[in-house]
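Both of the next two complexes hold subunit A, though its partner changes from subunit B to subunit C.
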Partner chain A sequence: MIGRVFIIGSASRIGLPGGWSIERAVHDVVEDALQSAEIISRDAIDIVVTVGSDIIDGSMIATRSGIAGSYGRELITVPSSGGHAFGAAVALIESGSAQTVLLAGWGEGTKFGAFDGRVIQADPFWARPVGADALALGALQAQRLQAGGRLSIIDAKNYADAMGSRARGPNGAPLASTAHWLMPNWVDGAAAIVLSASARGREAIVVRDFGSSFRPYCPEPEDFDPAQWVVSALGHMRDPSALVGLSLAAIEASAPTAFCETLALEALLPQTGWDVLDARVNSSGGGAVTHFGPATALRQLSFAAEAIRGPRSGDVAGAAVLDLAGPIGQATTVILLESGSAA
Partner chain B sequence: MLEPHATRVVAIEATFRHSAGKLGSRFLKALRDEKRILGWRSGRPERVSVPPKDLGMDGTWVEVGPGARLEAYAPPDWLRAVGRQADEADCLALVRLEGADTALLARVRRGPHAPHLSIGLRLVARIAERPTGAITDLWFEPAQEER
Partner chain C sequence: MSTRIATVLGVAQLPMRTRLPQYTYADLLGRVAQSALADANVDARDVDGLILAMAPTTTLGVDEPHYWALAGLPGAARFLGRVHTLASSGLTAFRLACAHVGAGRARRVLVLAADLADESPDLVGAIQMFSDPFAPPSAPGGAASAHALQMSAYMAKNGLDERDMAHVVVKNRANGVDNEFAQLRQAITIEEVLASPVLAWPIKRLDASPRTSGAAAVLVGPAGEPGVAATGFGSFANHAMMGARMVPGVDESFFDGSDLATAARRAYRVAGIDDPVEQIDLAEVYASFGILELLAIEALGLSAGGNAARMMGEGHFHRDARIPVNASGGATCGSPISGTGLIRVIEATLQLRGQAGARQIARPPRSAAVSAIGGLFQLQDVGILEA
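Moving on, here comes the complex of A and B:
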């Protein structure tokens, strides 16, 4: 088990690019997360960990959330994945470097994917020159998995449609009526989580365990299966048996594409007996149809925390979050949360 | 509706000089100067990687190809379905060269009379007449007997 680290507050928001103010949303999710943690003064935050598509996005969180003037506060940017940023925040508390950490991230749909003309991207020698951008690489991954009998495109389409109908925007209306199985549904989004060494009198949500695994930009042909990546990440947990016996209230997953997400979920669902369309799986709509880049998984973490706080029948409640980041989801992290009463 | 923040758009133009590293540079120079495709045999157990993976261990260069096998490809019709221009005759693929244990991303050019792509299709490497020292100097076509 992780040394005692608690989630004491969280918040998230998503909206369609151009239809709202993402700058204001970054401010508001931080404000809401601090309020839900009952933290009145930003001085209670020792370190801020940010995640976005690059360092500039990360540093903007300080400005947009009103903490830029607090000189001396440590600001750490993790521009790789929400799962990795969460791991960094947990490690800071475990090591005693901080008592309370604000973890925040955001992303703009218009900055990515088909809208993105940037050329400074991963793998400038072997992948980018031959046209291996995120979409083409995702199609290659899907073709490989379909040919190997691991992917049903019909199932992936059904999953994308179902998740699209669940995702809600700022006004509560369905956000992603056109979700596609092969590519991210880009939105603007922001999320913030407050972690602490103490439950501070709040209903405790404990970080039970954490595991991560990583593939290169282009994995080997026999190694394209997201479910295997999740299994590999589970194997890097401190207590690989943590999942067994934990009564899950929710599973939240975030991958760049619906087909990647649904395959990743297959690694956990047999242990719950749930179907991939079960209401306890991705009540958020999942990350593929509400994708705002590397920070997307923070929204899944926020929903998972809410699911544990919600009404439940048993004494033991946990939640699992799968984060598959990168062009094809090859930066894989599994996070297990648990209600304090069971810890 | 949330009250928006004041914003100002500032253009960022940045260039960066990437390095292919010691092994990657040797691979690209061999492609350009000798028109040879090299693999790097290294690791425990030993594997031949193309492009070369620097595992921080000693290794040896071996020549690989020109024969190859198609491992996967990005179906052009899937890409067109989401608005991407994609050519049936030239698509992104994952290819394993003969003598290599790993696969590399490359373009496969089929031409008008080539068979439909399928995993396992035999390919042959082609190198540009005037190589420039980039991976785009190298592409693949269906092997003669597959045409």
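Moving on, here comes the complex of A and C:
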């Protein structure tokens, strides 16, 4: 009998240089997440799972921030995406390898984003001679889906501006003043999630299910649609019908571009009746305008968990997190959470 | 009776070489994946998960190779992630595959690893780029100098000389002669080890594993299926600022292998092993330098602390001994960084199946311990396999 997995704590933060240290930020979000989980002993963590791309200080930050070897005393790095790292953390708990896992991710987008390390994600002798860097691939994706009538550039720009305003918030969080619709808006960021086999008597969030799908660097011509990638990921869940009957109270999405992100959301919005700019969609501002690499979606996961945390009148509130990592979101993971009486 | 976590359904590796100019990285993954499925007699359509062990990527020059190297491979549509724990990546990825299968999240997960060490003209230089040059390095010097500190402390503490220490690589190189996948297949003598150039005293060139290209694959299935079973895993991370730990008397774990011993105790507890000398029939341990094998033998509880070198000189841990260690020749005879932990799993599996060919140990084994180390003794992994 495989037991349930609970999210019992979470924290995230983003920023731009200037009083910002990625090591300090990682350390702080980990401490904040543990505090929100009411974990006061480092020995309560069995395994630490980290995510941060190689180019964005994937490994060394774990050392320099002091989390590697300090919490849990087991460390596994899954740098490909926040969704993959989340899946590893859940599987380790479900298989009995761990009772409690600390999942931490980070990225220094402002340090490396200008050089856009994504250009070395492809074989230089295969894709690059035809100009297929990440920006070109994104443009190809946009062109195909715009031609199919799925979304206009104006819509994508409006979405990016709205998400940028939302992410900046009333206090003027340090983000670029204009969000781009076809490129990541690089920021520095960090997020931490605490998962456990036990709710520990708290108002925990249940991991209802998750699934991943994957496309290569350059997908087949008819397979550029992020909404279809989300549908594929849903089909790869332990229960492919896990979304059915889940009353969504929040949706969070992270993709490398605003264009990709809003298209991915189309896979879920019809069942909610919400507009893409609805306040229940991406209260975080989404991942495209606050992008810090493969770990970005952990911030969305943190916001989704917070959105449905708290006492409810006996009903089950659900949340969905869409993680589309990679140059155009090819590494897709969908995570479904629920709270209320289910917890 | 231990509990089966998952089953090794199929294994495959390619012959290790310094250079593999006939292959691209994607070729290596494709060929070894195909061979593992053939070994398992499983159709590609029945694979529903894929995990890639690849670290560090700087040697390949491509940051995230899964985006271009996995297309069309079995399980790629349900890629579960790339694992990066340095030379422990292969064993960590195998553990994660067992977790996904054990949790019922997937039924058959393919674990792949490959390295093309010759993509970079300077492997050591490429690995040094792994550290942020603008921040204080976490360890002084490179691997050879760090393990030289370890080796000299071990020799001083246990009253050993360079000749005593050379038995490890001489034993391994003799074993490698019979391993058709080994990169180095020539036996060497103690005198040749002692006469080889010093990298960082007391480590000499023949104490070190070579620069290796290669590939490995393991197909993992549910516990109920026939095959070699994974029955226990244990890990330990002691990652923080290795440089400050490389002083005898400050933190002995770098010098006595006690962190790996912690990982072994965790794995043994899960697998129900309380007397490893009686219950472990062979070991495949990651040892890029001879000193690491001695520390691993002691950490796995196969000899008392400080005794491993003398016992090896007396013939213990050789292929015809009661508990052979690295009957394949181990990393001494070839060590693709991303795959070396997975190759330990493969070699142990072949021995437990009785399919190791000329390197098969004489006494039919029932259980095996495998181990890997990531970084400079920062990440430790141990796994237990049973026939």
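A few points about this structure:
One rule holds in what follows: the second predicted complex is superposed on the first by the 291 of 343 C-alpha atoms of A that agree within 3 Å, B and C clash if a C-alpha of one lies under 4 Å from a C-alpha of the other, contacts with A are read in each partner's own complex, and residues count from 1 in each chain.
Keep this in mind: contacts are C-beta pairs under 8 Å (C-beta built on N, C-alpha and C of every residue); 3 or more make two chains touch, one makes a residue touch a chain.
Not measured: the values here are computed from a predicted model.
By the touch criterion stated above, A:S21 is placed in contact with subunit B alone, subunit C being left untouched. After overlaying the two complexes on the shared chain, residue contacts for A:A85 are found with subunit C alone; subunit B is out of touch.
Which of subunit B and subunit C touches more residues of subunit A is settled by the count: it is C. When the two complexes are overlaid on their common chain A, residue A:A139 makes contact with subunit B while staying clear of subunit C.
With both structures placed on the common chain, the touch criterion links A:E266 to neither subunit B nor subunit C.
Of the two partner chains, subunit B is the only one touched by A:A147; subunit C is not. Once the two complexes are laid over each other on the shared chain, residue contacts for A:M183 go to subunit B alone; subunit C is not touched. When both complexes are aligned on chain A by C-alpha atoms, subunit A residues 64, 120, 124, 126-127 touch subunit B in the first and subunit C in the second.
Here subunit A touches subunit C in the complex through residues 2, 47-48, 53-55, 57-60, 62-64, 66, 68-70, 72-81, 84-85, 87-88, 90-92, 94-97, 117-118, 120-124, 126-127, 212-214, 216-217, 232, 236, 238, 326-327, 330-331, going by the rule given at the top.
By the touch criterion stated above, subunit B contacts subunit A in their complex at residues 1-5, 7, 12, 14, 16, 18, 20, 24, 28, 51, 71-75, 78-79, 81-84, 92-94, 96, 102-107, 118-119, 134-136. Across the complex, subunit B is touched by residues 20-21, 23-25, 27-28, 56, 64, 114, 120, 124-127, 129-132, 135-137, 139-144, 147, 170, 180, 182-183, 218, 220-221, 224 of subunit A.
Considering their complex, residues 5, 24-26, 48, 52, 55-58, 61-72, 76-86, 92, 95-96, 98-100, 102-105, 130-132, 135, 138, 233, 235-241, 262, 378-379 of subunit C touch subunit A.
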